[in-house]
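Labels run A, B, C and D following the written order; every chain starts at residue 1.
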Amino acid sequence: MNLLLLLTIFPILSALPLMLPIKAFDCRKTVWSYALLSTLVTFVFSLVAAFKFDFANSGQMQFVDSVRWVESFGLTFGFGIDSISLWLVLLTTFLMPIIILGSLTAVNMRIREFYFWLIVLETFMIGTFVATDIIFFYVCFELTLVPLYILIGVFGSDNRLRAAKIFFLYTFTGSMLTFAGVMYVAYINVVNTGIWSFDIQTLYVAAATMSGTEQAWVLGALLAGFAVKVPLFPVHTWLPLAHTEAPTAGSVILAGVLLKLGTYGLLRFALPMCPEAVVEYAWLIGVFAVLGVLVTALICWVQTDVKKLIAYSSVSHLGFCVLGLFALDADDTGAVGSVMYMINHGLSTGALFLCVGMIYERFHTRDMAKMSGLGRVIPVWATFTVFFVLASVGLPGLNGFVGEVLTLIGAFLSPTQVLGYEYAAFAGIGMILAAIYLLYMVGKVIFGPVLVPEVHTDDGGHELKDLNTREIATLLPLAAGCLILGMLPNGMLVSLKAPVSQLTAPARFVANTNPLDTDTASIEPGLRLVLDAPGSAPGLTPDISSGIDLAINQSTPTETADRAAER
Amino acid sequence: MPIELIKLIPWIPLLGAALCGICCMKPAWRKAAGPISVLSIFIPFLITCGVYSAASGLQGDDKIQTIYQWMGVGNFTVNMGYYVDSLTMVMLFVITGIGSLIATYAMGYMKGERGYARFFMGVSLFIFAMTTLVMADNLVLIYLGWEGVGLCSYLLIGYYYDKPEAVAAAKKAFIVNRIGDLGFALGIFLTYKAYGSVSLHTVVDKAIEFLNDPNYTATTADLWIPFLLMLGAFGKSAQIPLYVWLPDAMAGPTPVSALVHAATMVTAGVYMIARLIPVFQLSPYALPTVAAVGGVTALFAGTIALCQYDLKKVFAYSTVSQLGYMFLGVGALSTFGGIFHLFTHAFFKALLFLTAGSVMHALAGQLDLRAMSGLRHKMPVTCWLMFAGCLALAGFPFTAGFFSKDTILAETLIVGMEGNGLFTLLALIGLLTAFLTAFYTFRLWFRVFMGPEHFEMGDDHGHGGDDSHDDHGHAHEPHEMPWWPMNAPLAVLAFGAIFGGLIFSGWMSGSIETSTANPIAIHAVDTHAQTDPGYSIIQVASDTSGHGSEADAAHGDEHHTLMGMDVHTAMMLISGFIALLGIGCAAYFHWLNRPLTDEIAKKFGVVVEVLYNKYYVDEFYDAVIVKPLRMLGHGFFLFDQFVINGLVITVGYLPRLVGWSVQPTQSGKMQGYGLGMVLGVAVAALLVFKWAF
Amino acid sequence: MPETVMDSLTLSHFLMTGAVLFCLGLIGFITRRNLIIMFLCTEMMFQGVAVSLVAFSRFHLNDTGQTFVIFVLTIAAAEAALALGLVVLLFRRKRTLDALVWSQLSG
Amino acid sequence: MHKAEIIEKVAGLWPEVFMLIGATVCLFIGLSKGKGPRRSTPWIAAVTLIIAAFMVGDNLGSETNALAGMAGYVKLAVAGIGLILLMVTAGVPNRLRQTIDAEAAKEFEPGDIMTGEFYAFFLLSLTGVMLTAGAGDLVWLFLALELTSLPTYVMVATSRDRVEAQESAVKYFFLGALSAAVFLYGFALIYGATGSTDFVEITAIVQQQMAEGGGRLPGLLLMGLTLSVVGVCFKIAAVPMHFYTADVYEGAATPVTAFLAFVPKTAGAVALILLLSLVGWPLPIEIESLIWIIAAVTMTLGNVLGLLQNNVKRVLAYSSIAHSGYILVGLLAGPAVNEAAGGALGNGIAAILFYLVAYGLGTIASFAVLGCLRADDREAQTYKHISGLHKKHPFLAAVMLLSVLSLVGLPPLVGFLGKVYLIGSAFSAGFTMLVIVLVLNSAISAAYYLRIASACYFGEPDDSVYSAGIFPRYAGALVAAVLAVVLGIIGNGLVNATRNATSATQTTAQTESLPAQAAANLRNINQ
């Protein structure tokens, strides 16, 4: 059996017994251990996949296979991974055991269902990343909604119903439009080749023949789904609500993986499919990304609910991610950094949500006004929290920095008709603001005079205990991940370069070879100086030749068409 | 020693920090943290000494010691690698040397503190970041160190984290630094954009190449890069407008103030500008700006220091002021002066802070000048150690501070005499500041140690309300510090503070000359001479001081004289005199005739008030930046909640609205339905009819 | 005499008759509230169609239309049976034939 | 018509004949006094359906020409889903014995002795659909449509002994008669314009007329088509003939509602396909515009009104309207204009055939769940009644969840494939705007579907609700839900079936012009 297929369906299969009438699963510990085991096994599978993965050809789809679905539509469950997918799959499988480890005492009712839906969700998340068939992707993309909807709706806090509803409808509305866009591209393919296919590579080729207007529409459709998912300002309002109401596990998954589906979708579909439109509208997306960074950062600062603060910080952080994606600089610094950022954000923000969850379990409140000086009373928790805050702030040496600096450099070096240094400069202010609001939170909660809210423990006691071994074991891998990715990110970056270049090649090609006439004129004199400067050669000169090469390597229309025809 | 050992220098403190972190876990282990930390700083010092000769002899690419590639995307590669030249070595000496002394002192000072291990973890981590900063072979790695020291500063200022003011100060330090860091980061980006690399040697080499190329015209990037980088330097080195965090940072333990906020971290900005001096030279406006900001800050902070009553605050403002000198130095293209002052300042300011710490320690946390007097009998050793430090800070002739300050002032004046009025003015400001420095330094010393004996104990039992500090047993009586581990390191520092100038001057200028900090003379950039007002400064400055300060002193000899003497000699006389004058005034006003001082202070109450309140800059920032931003945050939150969310909800309700508007058609009455159907049929028929014909 | 009358009557006359019948039925359906009369109105509409069908049949000179009419009548008869059964059922329940009493379900 | 042709034609109708026989048997056995024989009627109906299905299937295999295409497919689908409906309707005729209604107990109630007749009507209505699918003549079509509808009036009227049922029956019947008159008038005009009621002939004449008129159709024909289409809209519950839907669905017994949601809609959709194939695709611009508007308005209206309801049956009724709108999209697209050689996507007619099944499964499953519940001796109808269903009846909640998700079009359930099919065909025919309307409407519909799911899973149980305890309904719900999942995951067979059902169109698509294609298609059906 194909390793990826196994990896994808193992979780859902292993979740099924949870719904069977097995007595043993009525015990909290048993069902928890079972879930933990299941996710660990999945993690091992993904590690095996990572070991077997040929990093030398990281841009190639590997472990490619497909399961028949509806051949008459050209629908298959086609899957395969390149390194982008691999890293995101690893992120998913890595986070899942941690989430379950951290959930032992978080849930007190309908425990079986809780773990059932969590594990089912894992299948869908992995599915989105491994799909090489766009409808398969879409299927998993949509299906992630259901488990999370139930997780929020059943296990959330007071306002959960509204949060679950808004979460579902918001994202569903967007993704329906995305679906239409995807179908349209498939239709274009039919017009060109006479074959219905949803194979992503095939659709790239088809999309290349779309006119600028068509591309703009398709981009709009894709953005409708993915920008909501990211979420990009100003369609982000569902996220803080969903995060605040979701159980810890839900929040971690949401921040850790599900938001990445949006950016992943943008990278995998929007960039290669509508390059011209991307180049044309990148400024707009950039403006919204930067606005999101700044506005939500300021909003974070005035929050009193720790979880809401972190939720808003997600919006702010993902602004960087989007900015990097649409930078289209010659070296793909931005896009590579953006993928890195996805991973990093998953680790650090996921960890922060876990930390918040841990104090919520103890105090049943997340109000910053009600707690202070926790560093004195629960130092271990405080240490971890500060650590993750620092990772989130983008302290060099920890993971957040790498992504942040790369995305900003990307935006800075972006061709002027795409983004430009202003974007980087303004987004950079977000780095300051991130420090402001996160340290504000740290200052309120961890530092300061000791103020401890009423404590609720599992056994009804009122004694405040620091993290136990299980909780430390939950956070430790994340901390290690943050540190390792901060100090040794290069392996990941190198492996990401090839696939990311392939995906951005068309848009970069457009951006670098087809500068609109007005653009050269509108470059302000200062920058022209830079452009003309002899020292600016490598970073600046539009890398035309390589752009063409990549574009050709990437598309090879005849080949792909042939492949499709054979099938 | 093999040169490769130098790669270990940052990592040993990091290991030390990790071990200290482990020590945090069990109270029994905590005591081990101090020695571990000292060792983790001292071993790098030994390595630095050991590899010094080998490192100085490195040429070309050998200077780059790469460990591994940190990150690389396409052209953007960043190595975890070190650039070893004489400037690096100078900085390493300062950091590890003074670092070990301060850490040793801290072993005694922090004894019994609850956060003992945490403190030393911070210190070791800081040394890791700081050594990385000065050794880094590329800008991004410098940035790592840059932010790393900022973090350690944050953690160490916030050491007493249950004190709200300490937390606030820590936060402020980090955030203000971040503002500077943004400039630095953008500077790095622009450098990368313009130079295609972030490697120091590539950037510097290219800049030198440009400087030497007569046909080269400065680009916009060239103009901007220094200004962006400068912003980072101003933040880290507490210059106007980003100096506000440093005085507050004194909320940390005193050894931290000595190590981080006096000797090492705050000089990072000076180091960075010196390191990249060719890049700064490319922009005709950059160095004058640096000099001007430095000069103004020096004076500004000096005046504030006059009226502070908090022991550490005085030194804090004096640090800001002295950093201003350093910027003035590098701004006048005297990197030698700047770095030399950095070097000497490290000694005497660390000494001053630590002795102040001793006083504070002895008086149970008392820091108010008004609450202490005539302590010389109680703490004789401390008294004279601090005296040594004060002499050096005041620029008493032939102390370390005297030489370095003199170099800066002389070089500035030389540039000024070449025809740039700005620099003449700055030199005068420098002199005025020198007077103020001598005055406020000795004001403090005389107040504390001279005069009638009087003291009020502080309310702190130990520091930060820690209950475990009573082991001294005589908390109600000031006492001298033990020699080991506290006064002995201070004695070493005092030695450096007094004799450092004489001993190290030659070595220092040689080191600067052989490093990238050596300013480049610009040739034949005549095309700019007429149009560019900034140009002349640079050219003249380069002409005079372009070939290292030794040669450049000789240069100055030929052309400029002051009072019939070589400028340097003349400046020595003048500044020596001024220092003495300042000390004299201080002695009169604050030792011999204190009532008169109080009277004068009363008379000029407004001035004193303004100075005491630091020109209300904090309040200004709060009102102009912080509050509006927070208001904006609230505003955005409301906007988000009501406008954006409201819009979304409205859109969500749109279908319902439509639904409500058509719901009446579902009246339940058959006739109504029939009518609807008939109308529907009719409309359909009419439409088709209309379209068809 | 009758022939001349027939001659002067063209297809459109018959069609108009059918249409008028149909429209009368429609209007009656909407305006009358008695269930039986409403049903009769639908019957009238059917008959209007039947008139048209016969006319067309005649016009096209084939008998398909007339065959159609037979079937329409059959269906109309079936509907009438159903309608009467239903009306009886309804009348038993509410003791009235007013259509508007049957408007509980709405929204 | 030659004798041989007639024989052949009747041979194609054996399943319908058999169904009629079955219906008659049910009718007579239902009249018997004994309970035993009366109780056997559902089994007779089941056997009839199964055998009829086999007969259809048999003919599909052996005589592709006679019953090829849509008719065979529709008959099979109707027989199959009819079986599920049979399970779901189980217990409806016996309902009176379970309830205590003082007024009803006193007097003579026809409903009390309905057992047998109910299944007779059930079979008759299904026969009507089957005949509709096989119609080759306007007269036939009219009769078949009426055969579909008339029994349903009775079923609605007698399904419950409540005022609501009678009210819904009266509305259904009277408005149904009105609409029948409208489309009958349309038929008459078509006949008038072409002089024939035979589809093949009409097609040929239309082609000729178009050729003569420079691609334009005579006004009379257009008007006839318009009236026919609008009239038949009643059957599929589309604007402007949708008014009755919610009231009738609410009033009828839930299982009968499930029947109404599927059976007449199928008949109507098939009738529309047949009617429009008279002029062929791409449709004349007037008709196209008309249907475009009807489709857009129908789906929007259905969804926005669905949002406002508190009664789940009404919600599903409005959703039924919305789904009719989606179906009309496929109708607009028509058989593949530029159909891909490798796939079925792009064929709107096939999409409709698929969607009918997809919709039928989803909606039947959800009605069946409602039918399995009773609240205070009444039918469970409101959100409140299904609230917390998950806690008391996790199985029913799961079925409800699956069915509404399928109706939303969430992958990989069968509803999703239906949407893929429809959207693919709409794009192929160039109805991009309509696709946008469609997906936005799907999003709107998600709101009320989600409310159902949310009530089931997140709400607190209502104490007054209990299970009706009718096992076959559970089974029906289960079968429908499982099929919704299974056909979603392995839907290729069904897709191929729809494709084959319209294959005649496809094979000729390359060579012949479109009206000719449609004619060829119809010829295949009706030979």
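Please note the rule applied: contacts are C-beta pairs under 8 Å (C-beta built on N, C-alpha and C of every residue); 3 or more make two chains touch, one makes a residue touch a chain.
For clarity, every value in this text was computed on a predicted model and none was experimentally measured.
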Spell out the chains that contact subunit A while also contacting subunit C. B, D
Maximum centroid distance from subunit B, chain identifier (CA atoms): C
Grab the C-alpha centre of each chain and report whichever is closest to the global C-alpha centre. A
More contacting C-beta pairs: B-D or C-D? The answer is C-D
Distance in whole angstrom between the CA centres of subunit B and subunit D is 78
Using the average of all C-alpha atoms in each chain as its centre, how far is it in Å between subunit C and subunit D? 27
Using mean CA coordinates as chain centres, what's the gap between subunit A and subunit D in Å? 43
Separation of subunit B from subunit C, taking each centre as the mean of its C-alpha atoms, in whole Å: 97
Set of subunit B residues in contact with two or more other chains: 652, 663, 666, 668, 670, 674, 678
Name the residues of subunit D that each touch 2 or more other chains. 170-171, 174, 178, 182, 246-247, 308, 447
In subunit A, the residues touching two or more other chains are 169
Provide the full list of chain pairs in touch. A-B, A-D, B-C, B-D, C-D
Could you please specify the touching residues of subunit A with respect to subunit B in the complex? 169-170, 234-235, 237-238, 295-296, 298-303, 330-333, 336-337, 373, 375-376, 390, 395-397, 401-402, 405-406, 408-409, 412-413, 421, 424-425, 428-429, 431-432, 435-436, 439-440, 443, 446-450, 487-490, 493-494, 497, 525-527, 529-530, 532-533, 535-540
Over in the complex, which subunit D residues touch subunit B? Could you list them? 170-171, 174-175, 178-179, 182, 216-217, 219, 222-223, 226-227, 229-231, 234, 239-241, 243-244, 246-247, 285-287, 289-290, 293-294, 300-301, 303-308, 444, 447
Subunit A partner, complex, touching residues on subunit B are 68-76, 80, 140, 143-144, 146-148, 151, 154, 158, 161-162, 164, 166-168, 170-171, 174-175, 178-179, 181-182, 185-186, 189-190, 192-197, 206, 210, 219-224, 629-630, 632-634, 636-637, 639-640, 644-645, 648, 652
Contacts from subunit C onto subunit D in the complex sit at residues 15, 18, 22, 25-26, 29, 35, 38-39, 42, 45-46, 48-49, 52-53, 55-56, 59-60, 62, 64-65, 67-68, 71-72, 75, 78-79, 82-83, 86, 89-90, 92-94, 99, 102-107
Can you name the residues of subunit D that touch subunit A in the complex? 338, 340-346, 405, 408, 410-412, 416-417, 419-421, 423-424, 427-428, 432, 435-436, 438-440, 442-443, 446-447, 450-451, 453-454, 457-458, 489-492, 495-496, 499
